[in-house]
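This structure is in structure tokens; I'll ask about it shortly.
The first chain written gets the first letter, and so on, giving A, B, C, D and E; residue counts start at 1 in each chain.
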């Protein structure tokens, strides 16, 4: 098994997994919050926020990567600030790859969760309110469990997207084997040389296998959750 | 207004709009069907279909583009077949760009619609059945109107994605001005030459403006629909 | 044609159009994508590649009109630094690139797949610098992205084509890699077998015309003939 | 149309084994909460696929698990008024009402205007279900099912959310459906008054099993069924002919047991009506009472006395083949020396027979 | 606790202008479908923000549109049994029941076991709401609200989906909540029997307006309110003391109007109970009747006769300050020569006073 992948390739696989997992884990709470805000609140700038969330979908990934570079790079405003105050560096680190993947996957995650929130019957939330639950508790005990299928869908979409993300990642943190070389970067590299297709195909298979496993898992969990809610 | 874009650029804008619109229009019925099948039916190979739908998300776009080239290119099996029997050519045509955009946007569309279908109360569909509506009629008169917010969300996600799609498109149908040069391809071309950033930025602005307009429109329609369903 | 030729080719095509009335349609993309498309039956008449190996692929597929392959352009590899007026350095075997970099990255195009990266790696190997900097190399999707890293200050130094470095105000060329440290950088051009039109031939010839030479040179390319 | 239902189904916590025949008319399913009434109705509608069993309507098979036949709901032409209205939220009340019309083979069913007037939902027609009160929703659901021109109507507690006045308006309409349109109805209700008034057949369900089934008069006047039905609701059904509408607002009725005066019964002279006489509304006397406000005094004979556990006694009386029940205290039964064969006078107040307990004869 | 409600709200189709005070005890909201009962309850719960108005409980302001005060629902500590149960689908029945517990300040409210036993939902505890019948769902909703230890309970037709037997079990419990826990209750119901049994105060709502409000005995025995309440439901409330439980299952009660025997009343000798005597269950005689099964014969005096449009007459009787109503036919009233001041005998069957019409005194 270890034979047919070079150590660098194994490292790319491991890194892709780590980057995607971290990207999803960090963006999930933010995604739920933003989705809730977009679904339920009315506030100034709501459509601006909505547009911002969708931006990574609209822009060519390279542009997103370039903008990330300008903002979160060490010379960028936000990047410099984070570095100075928290010692948090994104440039040329796997953290940067996770940031890029997270941002690219964000619109997909938010939309799925938002749809789920919009489908929750506010009457149930009202009922919880009359039983003494504050807004936060209502969210945690009623809304969140009821939107779990949507959260799972959003998570798997985001994970798949993160696993496949390439354009923004390579533009932002480039491609340093073992540090920022994700599976898609490795695949891309092979596609660039004549006759590299076969090599690329091996890596593509691995990417597919990982993503399919995650997908099946999510379907399975999603079904279990849905069955619980349906009550039988 | 016409001054600050070259005719080729205007053509890219128009083409992008056309490609995205056609991609969304054609994939919408298929997307609804696939989403319904995944949400409601149990059949052999369901998880394979599910995986296939997600594939474009997982793979680097370049790989998807290359696979499209191999399959739908004039020498590809499907491409040759379609050309011989229906005179339908995708390779290096705007139709191919639409195909690529549609396929790349497909997972987003399907997931949004599927979430909406899963949220429809089957009890309402049962009620329609007892009133004499066959499955198809139930779908058209009950399910479809109730999932409209999800369909709108899926459509806008797909449209945004189609507007931003680049990697698969340029790999599949290349970047021929007036024929396959979409806005993202044009942006890419500018990004590739020294000093092209300002030019690219102009085009990025246009892409953002178009997508934001579509987004606002969709929010507005979605709200109107949701208000109708809430019944007040 | 390779995307890096856009500015120059657009100008030449515009002149050609003005002169002959024939419209030229140019598709700019990565050489690899273009080559694959041509092999898969793209309706192209002329192919200008940024990489020799992809042109070889097309030729192997028998799609090049016999006798039309010529090395159209050349380029030089330069070391760029962030900032308008960075100190020039002497690039040779004694050049301590690693010390110059410190903990920072050297920005290059992908060293195993993208031509600019391949040439750069070869140069560094020939100069004996590769082992010391290998771990510090940040590889980008293409030369432009590599340049962007230097331009934004993310990486202090980068290795790019001279043609890319000309227009960027945020970088300065601090050294040129000796031509003999890597295989010659060549942009081959061919007339493809699909080209039947006389206009195709005319434009192919226009590419190597004197008028075009100036345009290419202005963009930092070397004209080979 | 005769509906024949026989099936078994197993839920965690309840095993159903149901078998009954529903002849034309109204068949009432009566039973406690959780007994399995809704489950039966769902099996008939085709919304539940029973573990095993057969459901046929006039011989045509709707469900037959042995033969692997399961007619889908939309081909059964069975109207269903759900316990939870299940209105379509995206359609207006009018669209909800007319929904079934699109699919009904003929268009000569009840007219929209008539149903709307009867259910008093005219002002709601352009609203959506989200803006309706609980009772309004249930009324629209009722109208929607009726307007789909079904050949069988299933009603799961359709009147539970309605006030008495509304009930009083809707019940005669259901009677007309039963009698004029000859629409068979399967009716689930907790209200014995509704059941007694409408039902031609009664099916008692307890814990998933049918404990009694048969013609309504027989089941309802069977003293042994009384505990099941609830003592308060014990009573008998008397058939009478309308003799005359008298000018002080009373109606004179002739029954085999004697003459009765009741507050205005909405039927033409000559028509036959069913009167439900609650056992607890009947007083007994061994002497003909005088100077009393009760108008209806029937001479009858005691045929049966059941003394229960409590302080009460259920006395069955007969006269000319008609049966009524009287519920009195054990103390009174002893004091009056009641025994089978004893002639007694049954005293019944005219106003005791509530309007809802007078139904069109069927 | 005294609840004071006064607000205006405008729906397309209905303008509400509501004002009433609910003193401690049970306040019944009675009115036709669509009258605005649920809207009132929602305004009290804080689920509806009225266009203008004030809602206060014991002086503490819950809503005051002028002062821009609107206490959110979860701080009101008001239990709400919804017309549509609204159980949480993802929680088991047990988790639903205990949901309010997490947020209740003290834990000494009704115990889970007691509520579960009373509502007979023990076997359902581990199921989810999706697998419950309509009545089961409503029972769980009732339990959930009670277990949240509210300081005020809102009930929107909580018993409509329950059968008589269940109702008979739940009603005494609600009485105990009212009397022992002193939990004030706002109660919406279509059933006059429930209202008369439980309510200390009655508020009649018609078309968004309060048409009558006051102590239950006064409202329910006011002949002019009878048409509003439904003629069948007209009646009066008699207060009596339990004198003895006799060995044949009857209970002897002493009221100011005389001695009454009723089937076993569940109260200790000496306790005070409220009896609801339906006007239609009372017979009148000018002579003391003999050899009759009715045990309760009260000597009273006619104080008022109302002759309605129909064939009936409503006769108000008094004895020692207690009032009862009798509904007889106009024909009988004339035949007996009834007029104010005439002494008559009111005849009442022991079994006519249904169990549900006997409530703990309050």
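By our rule, contacts are C-beta pairs under 8 Å (C-beta built on N, C-alpha and C of every residue); 3 or more make two chains touch, one makes a residue touch a chain.
Since we're looking at a predicted model, the values are computed, not measured.
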Starting at subunit A, fewest touch steps before arriving at subunit C: 1
Chain located farthest away, centre of subunit E as origin (C-alpha): C
Equivalent interface positions on subunit A and subunit B, same or different at half: same
Centre-of-Cα separation between subunit E and subunit B, whole angstrom: 60
Averaged-CA centre spacing for the pair subunit D and subunit C, given as whole angstrom: 91
Length of the line joining the C-alpha centres of subunit B and subunit D, rounded to whole Å: 57
Centroid distance [mean C-alpha coordinates] between subunit B and subunit A, Å: 20
Residues within subunit C bordering two or more other chains: 30
For subunit B, residues that touch 2 or more chains besides their own: 62, 66, 188, 191
Touching two or more other chains - residues of subunit E: 84, 127, 131
Chains touching one another, given as label pairs in label order: A-B, A-C, A-E, B-C, B-D, D-E
Of subunit C, residues touching subunit B in the complex: 3-4, 6-7, 25-30, 33-34, 36-37, 40-43, 142, 144, 163-168, 219-220
Of subunit A, residues touching subunit B in the complex: 47, 50-51, 54-55, 57-63, 66, 107-108, 111-112, 114-116, 118-119, 149-150, 153, 157, 160-161, 163-164, 166-167, 184, 187-188, 191, 197, 200, 204, 207-208, 211-212, 215-216, 219, 226
Touching residues (chain side subunit C, partner subunit A) in the complex: 30, 32, 35, 53-54, 56-57, 105, 107, 110, 112-114, 137-141, 145-146, 148-149, 152-155
Partner subunit D, residues of subunit E touching it in the complex: 11-13, 31-34, 37-38, 83-84, 123-124, 127, 131, 133-136, 139, 156-157, 160-166, 190, 192, 230, 232-233, 248-250, 261, 263-264, 280-281, 283-287, 289-295, 310-312, 326-333, 336, 347, 349-352, 354-355
Touching residues on subunit A, where the partner in the complex is subunit C: 62, 65-66, 69-70, 73-76, 91-92, 167, 170-171, 173-176, 180, 188-194, 196
